[in-house]
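Below, subunit A partners subunit B and then partners subunit C, in two separate complexes.
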Partner chain A sequence: MALVKELKAEKEDVWIPSVCNICYSNCTIRARRVDGVLVKIEGHPEAANAGGGGRICAKGQSGIMLLYDPNRVNYPLKRTNPEKGIGIDPGWQRISWDEALDTLAAKLKEARQKDPRSITLTFSAVDTLSFGFTAAWWMALNYFSNWWVSGAGPHCGNGEHAMAAILHGAIHTQVDYDHCNYLLMFGCGAGAGMYYNATASMRWIADAKVRGMKVVVLDPLLSTPAERADEWIPIKPGTDGYVALSMINLLVNEYNLYDAEHLKTHTNAPYLIKKNGKYMRDRETSKPLVWDAGEGKAKTYDDPTIKDFALTGTYGVDGETCCPGFQALKDHVKKYTPEGAASISGVPAGTIRRITKEFGEAARIGSSIEIEGHKLPHRPVGVLYFKGAQAHKHTLWTAMALSLLPEIVGAADTPGSLLGSNPRCLGYPETGLPRWEPIEGPDGLLIAGSWIGPPPSALSEVKVPENISLQEISPLSVLGTGQPFTLLDPAKYGLKYTPEVLLMTGCNVIMTHTEIPKVAEAIKRFPFVASLSLHLDEVTEFADLILPEASYLERYDLPQPPTLAGYHNSAILKEWLTSLRQPIVEPLYERKPRHEIIFHLLDKLDLWQDFAATYNMVAQLREPYLLDPNKRYTWTEILDLTLKSHFGEDHNLEWFKKNGVIKWKKKPEESYWKHFMKLRVPIYFEWFVDLRERTEEVLRQLTYGEELDFSDLQPLPDWGPCASHEEKRPGFDLYAFYYRVPTHTFSSTYNNAWLDDLGQIDPTVYNLVMNEDYGKKKGLKEGDWVWIESMYGGRTKGKLHLTQGVHPECLAIANCGGHWSKYLPIASQPEKGSCFEWLMKLDPKCVDWTVQNWDLCVKVKVDKA
Partner chain B sequence: MRLGMAIDLKRCAGCYACVAACKAENGTPPGIFLRRVMKEEAGTFPRVRRVPYPIQCMHCQDPACKAVCPTGATTQRADGIVLVDDEKCVGCRYCIMACPYGVRFYHAKIREYYPGQGLTVYEELMYKLHPTGVTEKCTFCVHRVEKGLEPACVANCPTKAMTFGDLDDPESEVSRIVRDRRGMQLRAELGTDPSVFYLSP
Partner chain C sequence: MEVKVRFYGQFRLLVESGKITLHIDPPATLLDLINHLCQQYGDKMKRMLIREDTGKPRLKPEVHIAVKGKSWDFTSDLVALNEVLGENDREIEVFFIPPLQGGK
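Moving on, here comes the complex of A and B:
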């Protein structure tokens, strides 16, 4: 050995472009393979302006340890112990692939003959395969009926997603960091290796900060994003909505800081509202009316002769008194004073006034900016919120309030502001594909052009639930969360079929849903459970059959959903990007890529035609690249056709294997679509009145209807307490809540040896975070083991970290640690975190049914273990 | 020539990507981090700040570790990079005691990342670069620097918080930023004259 040490290849030393999948951000990477061994993962330099920013987070670099983890499952296995339960060893026995596929195909065939809906499919948001592929095989197998997306409800953003759809035509939002000067964040991990565009947004925020953008974080915890903010404002859990409403009140009623021009042109703020909460409509056309202050009379909202849209005042039309939606908002928020907000949230009224003023003034209402030859309104402020703010009983209200805050100052889909991510794509210039854009719905309001399911709008249907998720009753919800309820009591929920097969892919629903023992019981109700797995984790304890899956480093994929605004694409006016995921090494042992496993099943079930028809549609294939339903393709052949279809004959699979990335310039017409399309968004959610009526009509037909509360469906948001706010029993004096850290992805990375090593450097990763003064008062010390007892009765254990950086009334629990599977020897060590779900209760009262989101805020009692 | 680094704490997100980049580039064994991110908390609730700051070998101009090394294993190159020659190192660990920054590690024996389960193929390959019984530290990724590349932590930082270059060249980016932002050395009072500078948040 000498002074300079370096890895030397004997035969081979190559860099291979690909795409990460350690979280849902799908950053573009390149990986170095030396003599057949993956030795390094880096960000792909070509993706500097999107798709990871050319760098890669700690999690992404640690993919090496996922590939080579000796605890990965490498062979098909079947259960020998008929008894299923938490901590009960299934007695795995190795079997052949032939036996595994035959068994599974036979079970699926039998179930399909009874009712295709008797099959339930799971996946997780982290597990991002081509959306076209997933949609197509689900459609083939069970007509896209029953699915169970891991974390949907407890860990995803059902409230934010609904608001992103309704206000921005997108699945989520980002901030135009390149032009933003003031960013408010409520319980969100943006800029710290979490949230969407996990890696790239770190640099965008850093660049903006250097340029002078101020970042203010409201969060009960001095979280990683709060550490790097200019200001951390501690807030009690579940009160963000109240603070936002008081800020709106100050802006519209006290400071007169709102963007009248934006409200008149781009929103339904001028639409006249009657006493019953609905639009005043034109007798002839049924179109909503507005008041033309110029002529002093009512006109339809799209009348070209309107001189000036009235935003305030009350008017008599057709003998009825009505007022513009904006006036209704003004009146509605009056009761939300900063003093009231202070008493609920713990944020001083003076602080609320100051940040509201800063925010309103920073919006520079009336200013404009020239971008690529277009003069556009410049509203350089943003509001980001995610799980922390919305994981509460009144998710919808909180999401509405936090989304209206930027909207009223005009900070929506304009330079510097909050942007939908990404509502409009005009396609690769040579082909015009993929393409999507918002369309005009009823009353001139926008409907998202691309979403995960049907986007929420006035046209949303409410149906008697037939699927185990109960999603059909909540069209605002992107993903249903009712599965444990229906599975445990199918008669009550009126299931017209018996659940037969649960086929799980890439998720751990036991640790990421709710009350763990009940969810376990629910899974046991499936007579047959099969899992495509990387590891033998907690949920596989309930499986009958395990199919060993190739990881993202061992397979091909086109991870960005072709017709869906990919998580990796920047909302900002930078570049569009598509990249190919390809194997860095061939699948090790007997692992197989999911595509191959599914295609074998489709063959055995004779469902290839169904697959091809859906794939052609969802992946937007065009002639001559359409799949022939009578032909059997390999996955790489399908990818080749898909890529050529979108990017032209020259950009085939071989081209992508070599180059990895295709990118093209984003247009202002895409990022700032609002100024190029005549569409309005609501600031007064009038159609919620009708939606509630229609929902309640359906609820009346249901035996369990009374248990599902939809009373929050109202045109303007209020604030209401969570059950935790009303828990007053002695001893239950801490709000436990959940947060995310930059070194783990939900429950999925806890057996990654590098991330585990890294996690031990930072005391907030595995420990329960408690305020130092509270701890001292209770005689608790750093490193003490404690029992946490939930107001609902659940218990779990953890190790304490005491800090000044958390609200004294709170106990913060990171991600989804606390694994117990003995097949995860690192993750299951007792000091590797706690699982929040032990503290939850499977109770309809803990869900905001309007968006099917769980309340993850629980009062707890802490005692030394 | 004096190679050095400026770390902009205004940019640093405390995300640990540099820690992983160092581990991935050098294949360091369990528990050995040639670069770490420390987080320092100050103040009392609700007025409290926590500032993340990465640390590593500071490649001091007057390295305390070199002065105490009895075998001459720790040397300093003309470009300022401080290195350990593992053929000369006898593992006495005086240097670990002498280093004011706690950034040297003693590699006692090969350990597995998955205890009791054998070395992964990656570890088998990479641990050849990590002999036992000797001291290890950050080399500024000298093997990359010699090829004209930046150290791995610098090249991968998601926020571009670091600037690497020649501190002796007043025109270099690193010299300019240290001058303009009044870069500070950690524990400058000890007189070791570190080549890593911190720019205030």
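Moving on, here comes the complex of A and C:
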């Protein structure tokens, strides 16, 4: 008995705090390690309000299977087969780390000598390493020029991100679930293990529903969020914007349900607009004019003597007729009737009228609430939208319309409403860091204080593109997506250098961009391709060199600070949270953490100084914790300095290793910043007129300028059809669209054994989801294998699931299944889904160039296989 | 005062060496330094740094300047750049970096 007790005492059994990275939500976790083996992952109880809400989803728990997946790549490999192509075995041969690093460093050195921009770096939004680290090594290596984010454009939210920046000073939005009573969701996975704050928002929405919040989901599919909603309203893909415009029309022209006080105080609704669409400006100061209804004359918008801002009417100023922006909006949306919306979207006009009235009345315009001694407007309604709604030809218009819907009822950055996540951070109380906040830009309008690159604003520049993404011509986009165009025809796109090296980290662009054969061909154009990989997936078929990477359970990182983008997992209310990612086990086999690999390369290329200078700036390091550019640090030393710079000397790396999490109070001045800062946001996007003029000036200089359509850059949104709406050929009678499921993260988790088990329980994960009435009409039944042919000619195969839970005119295809790499034995089985990208076309017409978003709905015909 | 100026990112395409050393009489401000650089490298540098069509001149959104852990970007108009550089220093380093991600 005594011996058994002694042995038990010696047995290691520890819980280690860390941060998940199975998706981009960065939930705070704790992991149980017994005798050196990870046996359990769960939510960290200290992160009760944020960082996962103290819990973890099924994907997070399945991290164990990523760590111990026998199909992980564990040793450096080099290609022996010079032939590259889809399904062609590279003939991998194991090599030493020295050989791998020397080979890669030599290729990078050679490329940098020609032009640093000849190096392209890929990245995935899922791969949440410290942005300070990533930005700094990219800056050192290729001047932060050419990057290719996996899924950007097709799967990311360029439209929503732009509107979140312009209207909320943030990179995305959430809802104040503690106070919200009515939530509309358009094609968004919030509350169902997707969207941002994936796990925490499940709890936030569930708790809010118990409290009485009504959730209405408009989606072609009875998706996981729709299943949990109070009401699911099936809608045709690509028509969300029309419905939103008709709702705005009802609110401002029929129901008189808009927040005049909010519009006058916090938006440019009173700014006078001339017939040419631009502001009426003061002759002396050039400031926009408003009409003071109290005195019956025009004044500059910031004149302290204004008695009452006019929102409606027409006025004569300096011999010109003009009207307030709000009047322009009212007039503009009149043509968007509920009946018109019904004919386009399939949503009955009566339903549109009912939910509009419910939404407008639930906004409780005029009411207020006291929060921590501050009396603030209470507008308990929200509108969330993401990929489902915006992945269409007219992304910008859709995003504008859906974003204006809450804005006109005053439901923006006030209790109960849609909140930016997170526009204002006044920092940890002891240090005031990290810190950012929106600032006043031209004409009194907000500019986001923190963004990835320059935030979209009236100051945004338009340039002749020199990068392969073409992003310089689309400053509203956060991520450029033009890479395959330029790589396949560099002369046409005027590249001043030849792409030489593609260095891939954490992504599978072959399966997440667009037309697969063309993307494959684009990648082949790089003479040398290296990949830091967890698995040998489809994109690594094109690599010359593989460097086996440690997973998030085998490395240190600081995924949240200092970036706004990295603050995904902080709650929108109550508290800020930062937690340390640390290894639960040492890297297995010969896997190495990315930081170690990159630092070896920086040493070999003598780029350490460049890294340090950039890191100091991006990570907001302050004296005495600044990196000395002349000194070489380890990653843990850098983390120690970063943590001390932000949280004080006592909160060093050792403190975080033990405690895992630091939290501090989030103030109303941060969550509801709008009432504590004198900034306005546009409901009339006047600066888009100027942006379009400047863009067209640049387009005229380009040989390919006529192929890029920027005509959607206008001050108020309209609705326009996608190519799929205009496809009328016989047989092409179904809209195929892409959707996300909570079981998988894009293409990255399909070889995870636990998630695969889970995916097999839910018939919407791996099957093509078709309306059963349509199936019966075509003689198709549950489990049938079918070929899908796209209007563009692409084909893929899949197995049918028939249900009433999808719009009768639609075929839904989940995530990025249909893997084919033989090194992914679970994912590459035939019944593991289909990849939507086979149906796409690499065509400039399929992109909304204003935000570089791809149209992800295509008409298809379906035939029994 | 010796001012070491380091250029990162796309600034390197203009100032190929990536770093230069200037001698400026103290007390010099950040604005003095910018004017000095515009004189030395001409219109191209000015176009990279300054935007003058917004009512009041300001740094361009593509510019971030860092000195001893403090930083300035397009949110500062040029008047705000009248901060004196290293009042008690004989030598100081100034970094010009594109704004990968902001926050002040």
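As a working rule, the second predicted complex is superposed on the first by the 848 of 865 C-alpha atoms of A that agree within 3 Å, B and C clash if a C-alpha of one lies under 4 Å from a C-alpha of the other, contacts with A are read in each partner's own complex, and residues count from 1 in each chain.
Quick note on the criterion: a residue touches a chain if its C-beta (ideal position, glycine included) is under 8 Å from a C-beta of that chain, and two chains touch if they have at least 3 such contacts.
Computed from a predicted structure; not experimentally measured.
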Exercise. If you stack the two complexes on chain A, which partner ends up touching A:Ala491: first (subunit B), second (subunit C), both, or neither?
Worked result: neither
For this session: Based on the superposed arrangement, let me know which partner A:Lys40 touches: subunit B (first), subunit C (second), both, or neither?
Result: first
Exercise. Now for A:Gly53: first (subunit B), second (subunit C), both, or neither, which partner does it touch?
Worked result: first
For this session: Check whether subunit B or subunit C contacts more residues of subunit A in the superposed model.
Result: B
Exercise. Regarding the shared-chain residue A:Glu227, is it in contact with subunit B (first), subunit C (second), both, or neither?
Worked result: first
Exercise. For A:Ala613, is the partner it touches subunit B (first), subunit C (second), both, or none of the two (neither)?
Worked result: second
Exercise. What is the contact status of A:Asn71 with respect to subunit B (first) and subunit C (second): first, second, both, or neither?
Worked result: first
Problem set entry | Partner chain in contact with A:Ser460 - subunit B first, subunit C second, else both or neither | second
Exercise. What is the shared patch of subunit A, the residues that subunit B and subunit C both contact?
Worked result: none
For this session: Please name which positions on subunit B make contact with subunit A in the complex.
Result: 8, 10-17, 19-21, 23-25, 27, 30-31, 33, 36-37, 39, 41, 43-46, 48-52, 75, 83-87, 113-118, 120-123, 125-126, 129, 131, 139, 142-143, 146, 155-161, 201
Exercise. Mind pulling up the subunit C residues that touch subunit A in the complex?
Worked result: 6, 8-10, 12-13, 51, 54-55, 58, 60-62, 64, 66, 68-69, 71, 74-75, 95, 97-104
Problem set entry | Residues of subunit A touching subunit C in the complex | 116, 131, 135, 138-139, 143-145, 286, 425, 434-437, 439, 442, 447, 449-455, 457-461, 562-565, 609-610, 613-614, 616-618, 620-623, 626
Problem set entry | subunit A residues touching subunit B - in the complex, by the definition given at the top | 1-7, 34-35, 37-43, 53, 55-59, 61-62, 64-65, 68-71, 191-193, 199-200, 202-203, 205-206, 209-210, 222, 224, 227-228, 232-234, 742-743, 753-754, 757-758, 761-762, 771-773, 803-808, 825-826
